[in-house]
């Protein structure tokens, strides 16, 4: 058993015991029903060794983690023109704040707050039907994870579509400033569906590998994106990946990461590993509580912080 | 000549030619008088080799770069109790914004915006006379840089004291919420003076070494701070070190860094180098324009980004 | 010819000459097409004498002036329970700002900013079909103006429905906080349609009489609302009737008033007159430029300011 | 006994009984010591008849009510040039908010929030020594009230000077934008002192008469300000006189008024009366609770609302 495998198992065991589990997202019934006792951790290293701990193969709603992949896909399609629509600075606000949009005339601060991710989705949608755009996103995830069984949880998507008034407010607001090209309903439809993709920690860590290895899939050697683009996506994950808890995550964990309200976090140790962790209970900023705790332990024990050994 | 030395000289030469130099800070006459044509770059590696380029030994006003060192000093004195006074999230606002203070009841978002640095200065001051506190800060800089000639530019300090109304507003505002313990004038006096420390790129890169090498001085082997603390300070530099241009700096340069309106930037390549760059012209966010350009070139050519080789 | 008639004619003539006419609202083609050279003024005194000047019988889009009447109708239906949903303080922001909504958890500051008027419309809609609610509003206007020919301009309504993304943002935002009871589309549909009611100055001044005469129709003597309610609606018109130009209107005109982006203003001289003015060109706050100028002249010449003779 | 006298006595008696008295301002010890059981009411009509109720001759700290008189004085000195420094729109924020200042580059929204009153004080001070400026303000109050015994409570002034950090923040903030001409300490000194003027309800109602009677002193017939200026000051009192409770005061009382945290309110019934009320307990917006209740009863019983009989 490798050092990584040992640390992953240890942490999975420690997390199973902990009483502090945060609160499961309650805003849609499909998320609220998830058992808060679950915990999964998967680490895939540069040689494609997979270390698993806990509920590593249970699918969960990736929610905002999908924003990393839609950003990647959109950059591939429109290139740096994307940055005319969306900034890349931390927001200093909650994930669904509309205040910043008003002060900056409809331009979202970064692609990882909801408004920014909706604007990125709109770019992917342009020139396509919603169904096609969504198919492209899903196939991209399956390709990265090398797993064609990855699917959208339609019940989650439908529920978000029914209750996502705050996101509808953000989308309409940007539309009023011309930041969206497509009909608001189309863009929101694609957005709600890609947030509803269900993946396990194993699938997610597989999908994130290109960010750890300079844009390449380490098993096939194929380039997904250029090395510079992978670095830059990592940089945005570091500064903006955890909403208004991004500073805290950088301070404690020291890795680029992106969280979702389903309780998942994708973290990248550049050159070393792609990491996925899942624990459904959230902290006050909407990030997985034990997920962050586990990653803090992991980087400490393995000396993986990008800020020093 | 080492690879690092060669890259440093190349970049210094390239920068000398560039016509785009930004605008020299004009808010105090002492800074406005500086010749925008100057450029300095110093890189000190893990073996304490010093690579120099351009005006490496011309002292400049370090301004906000001093905040890295006052934060380090204050953490040494009061430990994590410091975080009760100051947060560690990016602000999403200009360096001197008071809006965030009002919404968060006088608690600054991080130690690198002006309000946060004033609150940190106040912690250093507690239990001391302003003159003593300032002496401690200066001696700490001299100790880190191994150079007892480092001094405060009294003309700059006096000028800031005369015109620093915005900082006085921030300090009084925090005082009204009980965030400062000492008389506002005392705290501001120490703050204006430590921002007015004059250092060359060489001195600054020397002073920053402990952040690159897990808290240790690589020549003496002496520990300045624990490794974890060094990592965490680097993390805050990455997320908050360039005000509302922090995301951009992470995206382009990929290193923890702290800028000052004097045109200096201290950047840290963990495990690899302590870097100081200086060019007096600033961009719209108040960060050295060519300083950032030079660091982007440096990390690219040497593969030093913390986000991937 | 009475003194009032003379002043009204004088002012209408003076306004016809003035070159400064503001800018016609351009956000929907139907409003942009209106001839900026038009000007109408109608004053109806306590004895129901009607003084007319200029284009007194040309119908225009009343837009936000409808908010006075929907507020009156909603107060009649739900009473002071309305104030649980909507405040009655000036907003200190533009008419379509969403910032205040975020800081006050979805509760609009007053019924005369867009968000507040949408919330009021939602209360009128509750328990009804959109078509019924809209019929009630239209019949109320016809009853007050004693003119059954008043109608909705369907082209304006359709255009606003197609392009009203900012209002859709406000409505969805409030919906996310539970401030709206009905489907967002229903509420917005009724809102866009009542803003698209077309009336002439004569019809508008007729409709406003109950506010000038303690809640009563001076010709029939019938009570529309209690005297106290009429006073209170006037108070809200004074403090909130002109968006972020309300202070200016009070300062210059000295009467309660409500403006619309169609260029109309309804003003009330309590005990003395109901006044309607119309000039399509707007000032920077979205209020009729010459409308305000005319009302300032009127109150000065007739000594009608509520702040002193 | 006149109708007014009877109403004044009734109300004074009713207020004495009420258990709901609000909370006495606690931020300086001098104000916190005041007995919350006190209540005074004075009404002076157009014939200079004085109706008194309760503690009509007990002096209290007029605090922000002084802003009405410094505005009048400053307008007399610099005329409408004053409005280049200060706006006249309601702020939509608490009395001591700094947020609006940041969004509007240091220009206060109106002369009755703290920032605006400090800017007005600065205009009065220009070209004078602080002692002279303060003497001018005090003499103006004595002249208006026809009572040379009116004085500054030095203990209150000293206490505010010691603890007024929030006001110091506002002043320094404006100074940084060039909105103040004089040294911050001078301007604040004069400001704190004129807020510390102590007056009884009788003295205050006397001083306010010129606002009720078109700018004239009704007993001497002398003009204090032009009629139009008096009307306009009344307009600003109506829209901005009670901070973020101005809409509520207009809605309930229906008179221009200005409150102070000492518990006093000056209210103006144009053409009818100058009114002063005092009860030290405050509501959540910092306005006298029973003062407002008493004025609501008064205007209702006497039919004095400016919004309808």
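Note that the chains take the letters A, B, C and D in the order they are written out, and that residue 1 is the start of every chain.
In this text, a contact is a pair of C-beta atoms (placed from the backbone, for glycine too) under 8 Å apart; a residue touches a chain by one contact, two chains touch by 3 or more.
For clarity, every value in this text was computed on a predicted model and none was experimentally measured.
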Length of the line joining the C-alpha centres of subunit A and subunit B, rounded to whole Å: 32
Averaged-CA centre spacing for the pair subunit D and subunit A, given as whole angstrom: 55
Distance from the mean Cα position of subunit D to that of subunit B, given in whole angstrom: 47
Chain-level touch network, classified as line, ring, star, complete or other: ring
Contacting chain pairs - touch in the sense defined above: A-B, A-C, B-D, C-D
Residue ranges of subunit C in contact with subunit D within the complex: 87-93, 100, 109-110, 211-214, 227-228, 230-232, 234-236, 238-240, 244-248, 250-251, 254, 256, 270-271, 300, 305-309
Residues of subunit B defined as touching subunit D within the complex: 97-99, 101-103, 165-166, 168-173, 175-176, 184
